[in-house]
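Per-chain residue numbering starts at 1, and chain names A, B, C, D and E are given in the order in which the chains are listed.
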Amino acid sequence: MSTATTSTEFALTARGVHVFYGQVHALRGAAFDCRPGEVTALIGDNGAGKSTLVKVLSGALAPDEGSVEVDGRPFLARTPSDAQDAGIETVYQDLSLAADLGPVQNMFLGREIRRPGILGRLGFLDDKAMAASAVEDFAKLGLRVDPRRGSVREMSGGQRQGVAVAKAVSWAKRVVLLDEPTAALGVVQTKGVLDMVRRVADQGLAVVLITHNMTDVLSVSDRVEVLRLGQRVASIERRDATLERLVAEMTGGTAPESEPTTDLSSDQEDQR
Amino acid sequence: MTTTTTTQTPASADTLTAPLGRRITQHPLFVVTTALVLLFVVFTVVNGPTFLSEANLRNMALAGAIILILAVGVTMVIITAGFDLSVGSVLVLSGVLSVIAMRAVGDTGWTSAIIGLLVAAASGAVLGAINGALVSYAGLNPIIVTLGTLGAALGLAQVVTGGPDLNDVPMVMADFGVARVLGVPWVVVVAAVIAIIAGMAMRYTAFGRHTYAIGSNSEAATRAGIKVKAHLAAIYMISGLLAGLAGWLSLAVYGTTNINGHSLDALSAATAALLGGASLFGGVGTIGGTVLGNAIPVVLSAGLVIAGLQSFWQQFVTGVVLIGAVYLDRVRRLGLGRRSPRRTR
Amino acid sequence: SSGAASTEAGTVEGATVAIVGPLSGDPYYQEVACGARTAGKRLGMDVGEQQASQNQSQAAQNTIVQNVLSKSPQALIYTPADPVAGGLPLRTARDDGTTVIDVDAQLEDADLYDSFVASDHYEGAKQITKELAEMIGGKGKVAAIGSLPSNPITQARIKGFQDALKDYPDIEVVSTSYPDLSPAAIQSNASATLVKHPDLKGFYTTNYLNSSGAAVALRNANQVGKVKMVSWDTGVDNVKLMREGVVQATVAQQPFKMGELAIEQIAKSIKGEKVDKTVNAPVSILTSDEVDTAKGKELWYQGSCDV
Amino acid sequence: MSTATTSTEFALTARGVHVFYGQVHALRGAAFDCRPGEVTALIGDNGAGKSTLVKVLSGALAPDEGSVEVDGRPFLARTPSDAQDAGIETVYQDLSLAADLGPVQNMFLGREIRRPGILGRLGFLDDKAMAASAVEDFAKLGLRVDPRRGSVREMSGGQRQGVAVAKAVSWAKRVVLLDEPTAALGVVQTKGVLDMVRRVADQGLAVVLITHNMTDVLSVSDRVEVLRLGQRVASIERRDATLERLVAEMTGGTAPESEPTTDLSSDQEDQR
Amino acid sequence: MTTTTTTQTPASADTLTAPLGRRITQHPLFVVTTALVLLFVVFTVVNGPTFLSEANLRNMALAGAIILILAVGVTMVIITAGFDLSVGSVLVLSGVLSVIAMRAVGDTGWTSAIIGLLVAAASGAVLGAINGALVSYAGLNPIIVTLGTLGAALGLAQVVTGGPDLNDVPMVMADFGVARVLGVPWVVVVAAVIAIIAGMAMRYTAFGRHTYAIGSNSEAATRAGIKVKAHLAAIYMISGLLAGLAGWLSLAVYGTTNINGHSLDALSAATAALLGGASLFGGVGTIGGTVLGNAIPVVLSAGLVIAGLQSFWQQFVTGVVLIGAVYLDRVRRLGLGRRSPRRTR
């Protein structure tokens, strides 16, 4: 399960990241690392700050404090396009597709192929080329939904997730951040995405996978980073990971029972 | 190679009760209140104590009272994520029908006036119900529907009168229009009572709760068993009813139907609601906010006239203050939440 | 210019006349139309009426004029909202020989109409201002409330007011304002003026909307009769305000008469007689003392007609 | 794992249900059964029609054709309140909470507690009583988030899901329909919900659980109903269920490999 | 006890190409087109062939041309889920500034006219850019912002002129206002060219694609790397620019600034967009739809005047037709999709 391309060079690292939402202190000095050619699982309880961290890494959210490095050089994405220019692509937990546009249009949003010649310079789009390229990308990823059909609004949750994943994977050059990409997916589809995750990592990209499914974590990841209450509490190599250990790290106990039961909210400090 | 970095879990940090200052600036009505206070201060400095004289306060209250009644209805509609452009026309048509009914009764006393009131309220409610039926049961865009009734009601008002304004209003009504209780014009009292009742209903009753729920997520409200369509229709009907009432009060105060003078009423009412914190996306807004929001243009206009500013400049300044108020509100919210990815508008 | 292009040229009986006014619901224009229709009926003419629904939108009014003209009436009685733009749709009609009687608001291009029938707004304003000045004893503060400042009629009425006061150096004009046409706006404007100038002696208002709005301010300030007010027109509103003693005097125009005069000119034109280029409809001053006298009642606008 | 209260009386059955979305034929004669005291898992690929079926059963969607019976009597909920009156509560896949209201307000939405006396008859609400009752319900379900805090808009996905589940479970008298209630939940929270599902079923209610997690299906359910392309293709007792069999039924093959790989879309007919 | 009921998998059923009739009724512009055709038929029957005369067609085109230019801009704004109430005032202020500039130039030929055009376009663009900056960079509610600029620009126009309309427009401009190409007024040609360019840009270019994406989900657009703020600001600027252009054309056609005649222009423009299928929630709408939607009130008004209907009735009928058109569209959509839980409005 582990790969040959493991290196100690990090593709993306973050240190001391703080984010406030109004009065909620969502990230409290979070750290993060991932390596090229590896699948890094990012796990943590609900509300631990995983999605927030992903947004910081992908430039969708400016942290209040903290530094991010890409390939060892300081790089703080201020906008999503900064991150994209650096080769970092993201599937957000809330997907972020334009529901009125079609799958092809979403795949190429912001990076449209233009017509050749003068028309192209006027901004005219080459819809045919984009459709063809999308069909190819979908096929490559083993998706068989036709990307040319209708608008995203008319697709099922699973189909939408497919579009979002395809978009990220086909554009990424360095890092792919996947925030619960399989949450809405069926068994077969989930397997498809996990296989793809593996394949993408094998091509040398750094893949970051957020999921609540520990079986998937254990089966696909090379390393696991655990977030709790806005901080990294553990960073575990695959060979040292067991279900019990992961759960214990997430919930803050050494054994699941030694700690008061954690529940649907991990914002315990909010509970008075 | 294992790197385990177990860090101390921060115990509790973020629900420390915020300091009082912050709690105040955090209040949704902070900016509109501040803006209002500021206007009072500026105008008192510029215009001297006359601005705070009883007469001027009374005038401003009177000037704002009728639009406030419309704004209460419009606020409720906006909270459902709808819109009501028709209130001005409904006011006019209700007034016209009311005068015609009173004329038919013939007497110039309270009998006639009360029948007029009932007719005005009923016509308003019927027009509102038509809006409501079209928006909720037929599922049409509320802006287009109420734009349609805006035109249709105004046209009908003129068809009924044959064109000119009507102005034979019973004496008692005209008296009522200037009468006061403890120095406060009756019309202002009526508007205040309506605002208070509506405010309580929205805040404390199931009716209000359901209204917010519908505006927030009408699908969720339906699934929670709320009769969303009937409720929506009722809200539009109430907006119409209030406009009908306002039509009667307007007759009492101005003594005329003033058919052509109300085309922008709906915008004024909506402005009050939006300044008061309502969102066109529904689910938020308060009647209290609307009361404050409604006061801003009124105070501004009175203050500028007293300051002797030319009327063209008044229009300009009013526009700028409007934008300034929402801008400040925006700055406040940014200062707090920084990012609310959706519904920033 | 010559008679109509239609086959019935020369006969007044059955002639088609269209009326286009600037604002539906205004009693003044209603009265003009009444006069024209009554007179037209006497002569057996077919008189139709169209009023623009949106105040002061010359674009909307032009559309109406164009459409009315597309049915080729023999004559048009027309009150443009704008002196320049109002002339545009008439150009082709003039080529077709349609008789145009311009009423009340004068088109800038005199070639576009056969006859202009109107009150003298400037003179009327001077007269009523003089009335106001005498009422307040020739000294003190007065305020003017005008309607749409872009309208030439408002401009003439304000100009007349200002010029008349040149003879009264002790009268101070404390404000000249143009609030919206909504009652609340006018009321609050007048109220604020009263608050600022508790010693105000008089209001000059250029139409009934302004006097109605200012009346509310006076009532609420308990200044009815103490602050004098003069206005324009003798529609029901101003008549009521005069009876109540809120308005002391107003300019009585003769819109009904103007309608009749317009038809008279049309009849002349159709018959091929010489048309008067300018017809002055007399104005007079109606004071609150005379409002209910027989003489006064003659000056009231009827507000409706049976035609 | 199986319970003692298994009965052959069905709490809720559906037969021959057809639903069209415009031109999409989402349910094509679907059938469904569940028994009181049992957890019935409803599984199927993405787009199989599970959510659509739930909406029909809960009155949120009127079927174009088909019949539904509750406790053996024909009962077609025309509105969600019909279903609620019949004791059927639902957690929808898209949750359906009013984001501007708080958790307590959402829990009691449409069924608010009124003040005693005249004020109550005027519609005045007893917010205190509702808050107290919600706190109790949350505690009973083992949720420790404070239902009185802020608005749902400010909660994390997992916290929202907790509110929705608590709402349904605390009101249900006969049937609880849960459409992917654990999709956004962490490991511990998921365990909490599954335990609760078991407990609720043990109290005699019929619980219908939709999930893509076969481990959860096998661990918690008494019976499995499988939907494929808008029809029920299998209805399997727990003791006959194996991971391989479930996957085969969902994807339409007898063995996973004998069939062309199904992917993110199961609307195969849409793919030309 | 095992009950396995394996049913035959339905092979394929739902993407059979829909029959032509259905494909036509399914088209988003079906109802607005039908309504328009119906109006033509009715009025030709009622008014006789005059209605289809070249003169009448030309008049209608002319009557709709200037609002169409505004409506193109407003449609683009609405597609971004925004709103622009200020276009009427921007038109007026641009016209006023343009006249003043031309007056300063002094000459009555094309030099002056073109300088006027540039000034009008520039002032429109500046006002639009102010709207855009406030809406996109400051994140303010577009309705309030443009309501503010509506008042501010109108006030400024009156401050500049001192009240009265300006009407000294160069001769060549007035000539241009009545000139025709192949029987079609130049103004109509200009409006058509603007609509075609805008329509192509929205449909075929990256600019248009990004506009739809922003309206559909601005968060998604941001995350896709689109410069959402700059784009939004540009859209409002274009709307202002078009209003400025319309101001100049309006001068050419009417020869006057007509300060008080444009208070309802924005509503007319928005009505055209909404009738043409745009949604206030953003993400949908087409320029083609707006062209058709804009034609409906124009044709209606012409037809009713020619039919000799009293103006009050016209207002009434227009209101009713407006509601009727959206109602039919709703019925059509129900016939197809039956339930689209969200965005029914």
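Everything below uses one rule, namely that contacts are C-beta pairs under 8 Å (C-beta built on N, C-alpha and C of every residue); 3 or more make two chains touch, one makes a residue touch a chain.
Since the model is a prediction, treat every value here as computed from it, not as a measurement.
Steps from subunit A to subunit C, minimised over paths through touching chains, total 2. Most remote from subunit B, judged by the distance between CA-atom centroids, is A.
Chain centres here are means of the Cα atoms, and by that rule the chain farthest away from subunit E is D.
Computed from the mean C-alpha positions, the centre of subunit B lies at a distance of 28 Å from the centre of subunit E.
Rounded to a whole number, the gap between the C-alpha centres of subunit D and subunit E is 46 angstrom. Measuring from the averaged C-alpha position of subunit B to that of subunit C gives a distance of 35 Å. Touching two or more other chains at once are residues 21, 24, 268, 270, 272 of subunit A.
Looking at subunit E, one finds that residues 158, 163, 219, 264, 310-312, 314-315 touch two or more other chains.
Looking at subunit C, one finds that residues 24, 51, 53, 55, 149, 178 touch two or more other chains. In the complex of the two chains, the subunit B residues touching subunit D come out as 201, 204-207, 209-210, 212-213, 215-217, 219-227, 283-284.
Within the complex, the subunit C residues that touch subunit B are 23-27, 30, 51, 53, 55, 149, 174-175, 177-185, 187-189, 191-196, 209, 212-213, 215-217, 219-221, 235-237, 240, 303-304.
Subunit E contributes residues 81-82, 85, 134-135, 138-145, 147-156, 158-159, 163, 219, 263-264, 267, 270-271, 274-275, 279-280, 310-320, 322-323, 326-327, 330, 334, 341-342, 344-345 to its touches with subunit B in the complex.
Across the complex, subunit E is touched by residues 24, 48-60, 62-64, 66-68, 70-71, 81-85, 87-88, 91, 108, 148-152, 155, 178 of subunit C.
Residues of subunit B that touch subunit C in their complex: 47, 50-51, 53, 55-56, 58-60, 62-63, 66-67, 154-155, 158, 161-165, 167-168, 177-178, 185, 250, 253-256, 258-262, 264-265, 298, 301-303, 305-306, 308, 310-312.
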